[in-house]
Amino acid sequence: MAGHLFEVDNLNIEFRRSDDKVYAVNGVSFSIGEGGTLGIVGESGSGKSVTMMSCIGLIRSNGTVKAGTAKFEGHDLLKMNRKQLEHIRGLEIGVIFQDPMTSLNPLMRIGDQIMEGMIEHHYATPRDAFDRTINLLGEMGIPEPKTRFRNYPHEFSGGMRQRIMIAMALACEPKLLIADEPTTALDVTVQMQILALLKEQQEKKNMSIAMITHDFGVATNFCDKIVVLYAGQVMEVAETKEFIRRPAHPYTIGLKNSIIEVGQRDRALKPIPGMAPTLTSPPTSCSFADRCPLVTDRCRNELPVLRQVDGNHMVACHRAEEVLNHAV
Amino acid sequence: MAVATVSTQSGAKPKRSRSQFAQAWRRYRRNYLAVGGLIWVIIFLIAGIIGPWIAPYSYSHTDFLNVNSPPTWQHIMGTDNLGHDMYSEILWSIRFALEIAFGATLVSFVIGIVLGLWAGMKGGIVDQIIMRLVDFMGAFPTFFFDLLLVVKFGRGMGPILMAIGITGWAGYARLIRGLVLSMRKGDMVEAATALGASQMHIARRYLLPNVMNQMAVSLAFGIPNDLTVMAGLSIVGMGLRPPMPSFGNLVAQAGSMMLGFPWMMYFPAGIFALTLLSYLFMADGLSEALNPRGGD
Amino acid sequence: MPSEHLLQVENVSKRFRVRGKTLHAVENVSFNLDSGKTLGLVGESGSGKSTLGRVALRLLDADGGRVLFQGHDIGRIPKKQLRELRRDMQVIFQDPQASLNPRMTVGAAIEDAYVIHKIGTKSDRQQRVEDLLQRVGLPPSAANAYPHELSGGQLQRVGIARALTLDPKLIVCDEVISALDVSIQMQVIQLLKELQKERNLGYIFISHNLAVVEYISDEIAVLYLGEVVEHAAAEDLFKKPSHPYTQVLLQSILKVPDPQSETTQALMHIKGEIPSPFSPPPGCTFHPRCPFAQDICRTKKPEPRDIGHGHVVSCHFAE
């Protein structure tokens, strides 16, 4: 396989609190290939956003990256200074967030906001940037781009605002797009539209996407590889097809069983008991052990490492083989 | 102190918790100016309470043998031109200042809470009328109004207290109405309504406790404000009628003798200024501690 | 009256006036709900489903039509009697944090219902609070916690416990699981189902999550721009979605693909967005987005029609 565009290795992040520390990310590693789509899936507090955002220097002030590397085209983003990061952000790596209203400037015309990035990064002259912005708005499916250029964010619906965010993120044709729950706040019909738009743009521009989501439906339909995070640790990584066919971590399986799908009226519910822990010390055993139906003494005493079970399928569970072979 | 350990079936780590008061105090403690302010305010309060007992002389006692005396062992802050002991005068001033400032603030506060709550909860025409009244009070020169009231009703404790009190409620009413308005449409009030709670119950159990923080802060800002108004009245000659001492009287009187007998100015003005500053630092610290913006 | 329903909503409308313009939040909606049954209200944002839930409890006053709860017209009974009636109708909110008083402990919040209705002695109430906490899966010690000390899932359990305090007959569940993590969502759904069985509760379950609504509901009403476009038994609706909007909604759900099949779901989509509720389109409100729209749809509003077995559709062409 060719070199990866983006490669995170053994990332560790801690957050200071008033009288303790939270170990939010503990030895996370994964990679995204050129043109690939990685789904980073997890529940709230799993560290899925923190992982990606800290790589591009967006981390809360009480957080520290303790160890690890995050290589973008071979250069470690975590070693870069603020200026270098700012250069890469927006030009090489685009970001879209869940709530476009809070990330758009309410006092600035949306057209100017889209142009700003291009001009600041010397990606285009102001005149070119203007033309490109009109084009982009059209491409994003915003009707009458020339008129809408002059509108302010509050004059758009939620779906339209998300399209504007995408236009901003794609303005400089980044190689990697980080999408942090981009459709969570949207209605289902609009979610479809936005995902289709992202897919279309990705194919056109051969861009890679890191899709941070809690939604298995979105991840499995949109991404070609999936990494599952729990308590700041990678539980499972696999190609989407393999992931659907043969999930190997009890947490992944529990999570998949937690989703109610259409046509399951008569199904019995088997929720995962309990709730996800907040780690105030580094993990020394399996963080899922307390909720796991397959727990053994070993799980409570020994931290399972992420290991290859089959092809590119990686799992952090002592009993992964048994699960795969239907022995349990 | 609420110590709750909550966990469902398993997995949840017990969470240590502190009462909200303890958390606020911890934040307050970090602000040295606020702590200094609090200490001075407490000293001021104690002086106000026990002042009449520890004052060596009555405020009307005149020592004709020691007129315009600089500080001595007998009169540690000196005397004025009538032989009043400045130390005693100041202790009594503190007492009167506290009585009037607290009383007036209480009056404004109660009027403000009632009208603000009423306007915020009822809305509509009631709200309109009350808010126009608030606007009127805001635009009106209240100090002038205070003067009128004092002229009409006399320069005693009661009239001054009431005058300052009934002109100072507009700010409280506006603040509380705004807070209530923002909560009235919220889920919390709706949930209480769904339980069958009356408007009274909602106001008492849900709205008031949630505006108390902000009210405490504005109270802390209100007291030094009333102290200033009171001193202002004295300086224009409409404060407490002598021989009852007040900071305003003492300072006004010292102003004319500043050149010859500066200590008459130093002690009352210094203590008064320090008190106002302390209140402001305390109020500032309180506002930060009770309404933290981000972080712990 | 032969068989009295728990709740009858008849031709209810609700409008809001916003800066001089009229927002049609709910238009002429009718439905019945029986004890022990669940009616699902589905729709996208702006469809009026939450407003409808509030009108059904008279947390908002209806502008037209009437709501009968156990035969009482709750729009007409006096305030005092309404407060008594509220014991029987409760609501659970999407964001439990926002619906709880941050300055009250969880125990006090639950106990407040007893205080309001002057039920029991202090120790009596505390016992009840403890029992309720236990019933919703929280330890008794949770009573001493403040809302900000609990997780989202725990808080939603508190919200449920509070709704149960007065032994209601009807509960409106307004997006109760949408703010929760998937693994927690299922715990809450399971709890709601158990409680319904135990206490013969009637639920109005409001959600944008169609699969969950299908799972929990007996009947489902699909709302679009404040109107019910389709109303049917849950099974019928999903087996034979007959309004084009319902069909679009169903196709928009992203399912985890079937492990056996090789293909993933096509990201097909419907054009346009929900029109502004300030100026709903003439004729069928869905016609600007409808793939099957004809001339008649642009001019004539379709009447609700029963296409068999109580499956009611408001579309000129449904059959």
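Worth a mention:
The chains carry the letters A, B and C, assigned in the order they are written, with residues numbered from 1 in each.
Keep this in mind: contacts are C-beta pairs under 8 Å (C-beta built on N, C-alpha and C of every residue); 3 or more make two chains touch, one makes a residue touch a chain.
All values reported here derive from a predicted model rather than from experimental measurement.
Looking at contacts between chains, the pair that accounts for the most C-beta pairs is A-C.
The most distant chain from subunit C, with centres taken as the mean of CA atoms, is B. Spacing of subunit A relative to subunit C, judged by their CA centroids, is 31 angstrom. Computed centre separation for the pair subunit A/subunit B is 52 angstrom, with centres defined by C-alpha atoms. A separation of 49 Å divides the Cα centre of subunit B from that of subunit C. Counting partners per residue, subunit A has 273, 275-276 as the residues that reach two or more other chains.
Counting partner chains per residue, subunit C has residues 151, 153-154 touching two or more of them.
Along subunit B, residues 8-9, 12 each make contact with two or more other chains.
Residues of subunit A that touch subunit C in their complex: 43-44, 157-160, 187-193, 195-196, 199, 214-218, 220-222, 240, 244-245, 254-256, 258-265, 267, 269-273, 275-276.
Contact residues on subunit C toward subunit A in their complex (touch as defined above): 44-45, 151-154, 181-187, 189-190, 193, 208, 210-212, 214-215, 234-235, 238, 248-250, 252-257, 259, 264-265, 267-270, 273-274. Contacts from subunit B toward subunit C in the complex involve residues 2-9, 12, 15, 17, 20, 186-188, 190-198, 201, 205-206, 209-210.
Only residues 54, 57, 59, 83-84, 86-87, 89-91, 93, 95, 98-105, 112-113, 115-117, 137-139, 141-142, 144-146, 149-151, 153-154, 162, 165-166 of subunit C touch subunit B when the two sit together in their complex.
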